[in-house]
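Next come two complexes, and both contain chain A; in the first it sits with chain B, in the second with chain C.
Here is the complex of A and B:
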């Protein structure tokens, strides 16, 4: 049954991808990209990768769509026709497709227990997680503890991306782009005139925040963790910005708080790693943080997940505000 | 016996929900302009979602899953009319007139 669902979803995925390539209207392409993300999230879910599915749905279908729309508001929604190197690109893509197709012949069968990926380190993680880390969600144990270096790298990638976007887009308030409050156009005040979205949105924001915190701190026991929670919390604030206007959101959570979140999250993660060294073990070894190794692991994972969540929230919201500020200027 | 009744009822609800989703899908493809298409698609959000989720709830029995499904249902019942309102309002602002006689969407702001 999984195979039938998988083939169905992958077929829809290919159709959506062709639609994205084919359409000349970038607005339509953004909407199709959102559908593409939801479909791939469903695919992850039927493959039992609930953590990845949650991330894909929150980041791919939610936040990226909003950021793409923010970018489209600054440019045009028509794709510029470029016909010069079409045959060259077609040839490159076709040959790459052939190589990938050829490579798939060597892949193990779907769900094969003897596949190398199931024989390499995965059995060790499954076996040792209860002993070393003792949390039910092995994904979080692998992400946060066993492969903490990789996640640290990911957090720094997110952090670097945030800095890059802020350098490119950030407009200093009070500079040449500043306008007196009275002259703001409709885009600045959000949907304040529309009662229904406003009432419903205001009703939903606290619940989204609560769910974000649940995903953040429940990551050891179920699907979730810092990345997903960061995206959800950012989504709650973005919803607030859409209905109440960006200036009120910035009044509630100023940009310097967001900067502090971005930097603080990365620093917290790195600091937990250094604390391992100071207490006489290796970088990112949490075992020495608590009274016994397992309690130390628990504490370390909660702290680094909080760091991940802080950085992701701060970065996503900063990027959103950077786009929105350009829009108004 | 109780299980059998529950299974039959939930099967009926799921099938009916599936039919409504199908009707909504066909309507969204076949209706002539944006407002009528939205009207058709709303069947999926309301009847389709309610019937399918109730059917799944009956399958789940009294458990945490049922509470989660009820929360999802409540969430859908609040958000999808709001989304429809936002979409229709945006279309109206973009100049698409709600005219059932028109064959297609043309912006008629003169």
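Here is the complex of A and C:
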């Protein structure tokens, strides 16, 4: 039954993707992209990847849609000329499709427990996590501890992308930080005039925040962690900004706090790594942080997850504010 | 039934190529970025498909489970971080498109090239 549902969802995915590429209205394409993200999140859930599904639903369907819409507001909603070199492109894409499809026949069948991907380090992670790290969620253990270097790199990439967007969009026209006070126009008021979005949105914001914090602090036990929590908390503030307007959101959480969150999160993560060296072990080895190795691992994972959550929240919100401020400049 | 085991991979290929087509054939820069997002999502789907073990469950170790079988946590970790990195880089791309629109007054690739040639 799950297989039938999975095939149904995958087919829907393909149809949605075709719709996204086919439509000339970019607004429609972005909305369909949100639906696409929700569908693929459902697929991830069916494929046992609860953490990934949570991330995709928060990031893909929520924040990505808002950012694309922000960019559309600054550019244009329609594609003027749809396609160029259509037949040449189709020929290239069709031949590439055939080559990759041919390659899939050598792949291990879906769900095969003897596939090479399941033979290497994964069984070791599953077997040793209870002993070395002693937290139920193996995904968090691998993310935070066993492959902490990877995650540190990803956090710095997120941080760098955030800085890049701030550089690009805060130049010349006056960025989010230095807009003259008292400047308010229609777009700054948000949806305050509309009763239903306002009432529903205001009800939802605190619960989304609460859920975000739950996901942050419960990440060791269930699906969750810093990346998901950061996206959820950012989504709550973005919703608030859409309803109440940019000014009130920036009054509640000023841009300098967001900058501090971005930098502080990355520094906290790096600092935990350095603490490992100072206490006589390797970079990002949490075992020496606590009274015994397992307690040290727990402390280390909580700290770096907090760092990840801070950086992701700060970066996503800064990016959103940069687009929104550009809109009104 | 044997070939049904490849259906996930075929969907991955089709999605990947739909995204690829949007990147190479579409003229609008935002549409290209949307295509890039599709391409990226297809790769996510490939990794998560590979992590699945038949009859397995999410890799959360709970006491009292008899002879548990878990799906592979490693691809999930890679993709989890990749999703957040993906949105950050997409935002960077959108930022560049917005700046291009401000400088050139258009987001259509051929018009930008014409302005550059002048």
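By definition in this document, the second predicted complex is superposed on the first by the 312 of 329 C-alpha atoms of A that agree within 3 Å, B and C clash if a C-alpha of one lies under 4 Å from a C-alpha of the other, contacts with A are read in each partner's own complex, and residues count from 1 in each chain.
Here is the rule we go by: contacts are C-beta pairs under 8 Å (C-beta built on N, C-alpha and C of every residue); 3 or more make two chains touch, one makes a residue touch a chain.
What you see is a predicted model, and the numbers here were worked out from it, not measured in a lab.
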**OP:** Determine, under the contact definition given at the top, whether A:196 touches first (chain B), second (chain C), both, or neither.
**Re:** first
Subject >> Most chain A residues touched (candidates chain B, chain C) >> reply: C
**OP:** Using the superposition on chain A described above, determine whether A:154 touches chain B (first), chain C (second), both, or neither.
**Re:** second
Original post:
A:117 contacts which: chain B (first), chain C (second), both, neither?
Top reply: second
**OP:** Considering only the touch criterion stated at the top, classify A:169 as touching first (chain B), second (chain C), both, or neither.
**Re:** second
Original post:
Between chain B (first) and chain C (second), which, if any, makes contact with A:204: first, second, both or neither?
Top reply: first
**OP:** For A:104, select first, second, both or neither according to whether it touches chain B, chain C, the two together, or no partner.
**Re:** second
Subject >> Of all residues in chain B, those that touch chain A in their complex >> reply: 78-79, 82, 85-86, 89
**OP:** Within their complex, state which residues of chain A touch chain C.
**Re:** 3, 6-7, 10-11, 13-14, 17-18, 20-21, 26, 29-30, 33, 36-37, 40, 43-44, 47-52, 55-56, 59-60, 63-64, 67-68, 70-72, 74-76, 79-86, 89-90, 92-93, 96-97, 100-101, 104-105, 107, 109-113, 115, 117-118, 121-122, 125-126, 129-130, 136-139, 142-143, 147, 150-151, 154, 157-158, 161-162, 164-165, 168-169, 173, 221-223, 225, 227-228, 230-231, 312, 315-316, 319, 322-323, 326
Original post:
Mind pulling up the chain C residues that touch chain A in the complex?
Top reply: 2, 4-11, 13-22, 24-28, 30-31, 33-35, 37-38, 41, 44-45, 48-62, 69-92, 94-99, 101-102, 107-110
Original post:
Where on chain A is chain B touching in the complex?
Top reply: 191, 194, 196-197, 200-201, 203-204
